[in-house]
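Below are structures written as structure tokens.
Two complexes follow with chain A in common, the first pairing it with chain B and the second with chain C.
Let's look at the complex of A and B:
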């Protein structure tokens, strides 16, 4: 009798662990261990030179980090430039694609004709595989045969070298990203808007608040959580961008549109660069972590102050 | 576990038994990885070759695996081998990948197999010497066998040249500029050189050679990127898009170039022979093909010159393969590089058939009589230089490409200073190998 109770208790205590075990093992194997290895390997330079495969790596303290922050070093030059591009890219996504998603949601949250088609049209880019969408854009941006230049030329403009001009190419990549993400973000805002009770607006209207005041005083505060969520995911998405660069000029010319994760991917092939790859990965993780936490704490605090 | 799950699982187990049984018939299976860099149906063609080979060689079966672009193929193989996987037995990879793979100890020299052949010398000397240059190490050992090889050539719209009063293509840079300027209009470029879009080094090398000094030689620890010739070459390429105004600033993109040529938006282009079949088939005007014009080094042949390009056959072995497996692998390599297959491959794709005797073999023999353009690419090989390859090739090539792009797009105005800085970085890397 007592044994039976004990067994039942034991099972009850063990069951939760058993249930999370599969996930835990997977996370341990594919996230925690690689992350630990990344930290460890970022302090080493792989063996270089002839018959390097047999030699062991060399412990170099923080030299890999020093190198990637050195503008005259071949990797530092590329890292610093890609890092700057990634920040611009991320900020452009957050400050353009997110408000645009909100605007689209506001427009498409009102009853109107063909509402379903409008919503679908705006959401459609989000459904396309990124590499396919970017390939379509690479045709649009093509110098001699592209649609973008055909339009410009019909207005008498000589056309722009969208993917070849070092001052334009990052903008081209950002345009594709905004086009791709705005519709996706809109879905979240639409869901958020539909959770706001209609009576609130009616009450506000009775109090004499105009559309703009309603938006500032009601919609925006009530969408705060959605806004936080969308900003965080858009920022982290921006740091995860790889595929579209493959189709849009591979980060060139001379890394003028290269982004961090793609730069990391580009440098995995050669063993001599593995130390740098690990160091760059750590920086990438750290930045995303800081921004996510910062963003979260900031919003959380103002949330609890209210 | 649901019934469906169980059923699927048992089906899988059953299937794996069958697959195991199919492979257990003592067949030697050769895993052959290949990329594709053109619009050709590579998968269909290799399946056909595999079927032919298996018919001639019972007991050996070929498993052709399409592995994407050249870069994808290299990364796939590296990932498999670095992760302790089996990797391929034979693969087509860029001819410049030699030192990356030799350094890691993944590939074995073809020289061992050639030494074991009765007519090994004849086998090697049938290949065009220019195509062997990237497959041989500094001691003269052959590592890789030429397979899908190409070289840049000049394509010109013969109708447009004739309209402007030129009955022959340019043979030197001065004529090139003159004709290009004469043929440039508001909606047409006189000359497109595809140096934009990530890979300017290949086209740039043609100019470096034409100006008198290639950026590499047989020593894989030496790079010559800041010589006066190297500087003059990059300044010339830049001027095509700026002062001379015959093409877009910064150069044309790789994929756009043949499209613009076929659409009549470019009178002349530099492009790969790998596109010859496609361009000849797609043009509604007379397509002329000629050597890349000679540079200041001279028209006695020293100023002509293009790099070679494309892929070689590599043999993978970590020392674990049996002699009979290695024999089978070498049979497959010699089959693919035989005149019969090279003639077929060259005619189907436009790649330069790698051995001299392939050009006397059908279907290439008749095709090259019908379209003499194919012969130009072959004959230009006598002036061709080594394609850029060194130790740490990928990293150094990245530095060179980035530097060229920053000069060509106007970011680095002082070409000499940019090349000096790059050379210093390159020397720093190569110091590990000297």
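Let's look at the complex of A and C:
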């Protein structure tokens, strides 16, 4: 009898840990440990290959970081160029796709004809696999038969080499990303708009505020938090969305449109430069972590304020 | 309505239509190109339809990659990922929502790290981990890192917390054991959260490319996105774009149909995925 009670108590004590164990162990294996290993391995230069038999990796202090930050080193050139591109790409997303998402939410937040079609039109890109979206656009941007150049030529312009001209490829990638993400950002603004009480607008209209004044004085301040939230996630997402490059020039020519995670991916796929890959990954983690942590604290605080 | 706001309405309607059409164009042209005869690009002849409507490009796309196999692989990948996730996430969410135990907040914080360091950026070390486990080029390797989901756990923890505790107590008085309580009290009351999580999980894994590409080598287990990649790599010349467009349609159709069926749920679940 007593043994039975004890056993029941023990099980009750252990139960919570058993319930969270699968999730916890998987997070340890595929988030925590890899993060630590990234830090550790970024100080080493592997002998050769991933698990070069018999040879141990060589401790090189901060040499990997020195190299990837060195403009005259081949990896440094690649990293610095890709990092710069990633920043431009991320900022373009924040400053174009996010306002566009807000505009779309304002336009589509009212009853109108064909509403279902327009909502589908702006949201479906968010559903597509990045690589599928990119393959569609690789056709639109293709040199001789693409839609983009067909439009340009109809205006008498000779057409552009969208995916081959080193000054244009990044722009092409940015255009695709804006098309892909604007509808996704829109839904956060739609949710935000629906939380604003109708009476506020009626009161403002009674006070003689026109639509623009209502937007500036009412909508925008009340959407401030949503705007901040969407801006931060769009910035961090930009550091993680790179699969489109597979069909949009593969980061070339000469890394002119390469993005950081894609550069890392290329090196893993080619089984090369493990030390550099870890150093670059650490930089990437640091950037993403700062922003997601900031957003998380902000979000949590606003949750507890309510 | 005054004349001024009537004009504003018109501007808004025109703007909506213009943006909507621009956004739709890529899809419309993809479809149009995919049903043209081979070697008949859009810039030649009628811009809408070719000399005939044909599925021959789909036939060609089918010859390049085994789409049936890739479909099956994608379904196994997203289905297997989701099924196990539903189990792990439910258990963890229940523990964090309703049980008190030593180290609770610390353990929760560790799990939340997954939201702050997305697995996508940990490619190289996860690749190494899979190799260490000897799982390279297996179906298990594709799914394993996703079987624990902090996002799903948070979503369900929130839903479970909103279940009245009296329901839980009443069920226990009726003699229900833990599993029965979870199933009949918590799960049934959190269906919207489960739908939201399922849609986000299904669509994000269906669309995934980098991880499946790196962690597999055999055609036999590779998902659709990797098959599409093969088509992209064989597409250099204009003549092949038709095939690529046909292949793209093959890959995206299931998701578009799923979206049309569950439009409202999709939008709602994506709205929650910001914390992913």
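Simple rule for what comes next: the second predicted complex is superposed on the first by the 262 of 306 C-alpha atoms of A that agree within 3 Å, B and C clash if a C-alpha of one lies under 4 Å from a C-alpha of the other, contacts with A are read in each partner's own complex, and residues count from 1 in each chain.
Please note the rule applied: a residue touches a chain if its C-beta (ideal position, glycine included) is under 8 Å from a C-beta of that chain, and two chains touch if they have at least 3 such contacts.
Quick caveat: nothing in here was measured; it's all calculated off a predicted structure.
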*Just chain B (first), just chain C (second), both, or neither: which does A:252 touch?*
first
Next item on the list: Using the touch definition from the top, say if A:268 reaches chain B (first), chain C (second), both or neither.
Entry: both
Task = Report for A:34: first if it touches chain B alone, second if chain C alone, otherwise both or neither.
result = second
The chain contacting more residues of chain A, comparing chain B with chain C, is C
Practice problem: Scan A:148 for contacts with chain B and chain C and give back first, second, both or neither. | Solution: neither
Inquiry  = One more residue to check, A:22. First (chain B), second (chain C), both or neither?
reply    = second
Does the superposition put A:74 against chain B (first), chain C (second), both, or neither? first
Check your understanding: In the superposed arrangement, which partner chain does A:165 touch: chain B (first), chain C (second), both, or neither?
Key -> first
So the chain A residues that chain B and chain C both touch are 50-51, 142, 144-145, 268-269
In their shared complex, chain A is touched by residues of chain C numbered 4-5, 8, 12-13, 15-17, 19-21, 23-27, 29-30, 33, 41-43, 87-89, 91-92, 94-96, 99, 101, 104, 107, 110-129, 131, 144-145, 147-150, 153, 178, 203, 206-210, 213-214, 224-225, 228-229, 231-232, 235, 238, 241, 244-245, 247-248, 251-252, 255-256, 259-260, 263, 266-267, 270-271, 274-275
Seen from chain A, its contact residues with chain B in the complex are 48-54, 72-74, 77-78, 142-145, 161, 163-166, 249-256, 266-273
Counting only contacts in the complex, chain B reaches chain A at residues 74-75, 78, 100, 103-105, 189, 196-198, 248-253, 256, 259-260, 263, 265-266, 391-392, 394-395, 398-399, 401-403, 405-406, 408-411, 421, 425, 428-429, 432-433
The answer for chain A against chain C in the complex is residues 13, 15-20, 22-35, 37-38, 41, 50-51, 103-104, 107-108, 110, 112, 114, 116-133, 135-140, 142, 144-145, 147, 150, 179, 183-184, 187-188, 190-191, 210-211, 229-230, 233, 239-240, 242-243, 246-247, 261, 264-265, 268-269, 274, 277-278, 281, 284-285, 288-289, 292-293, 296, 299
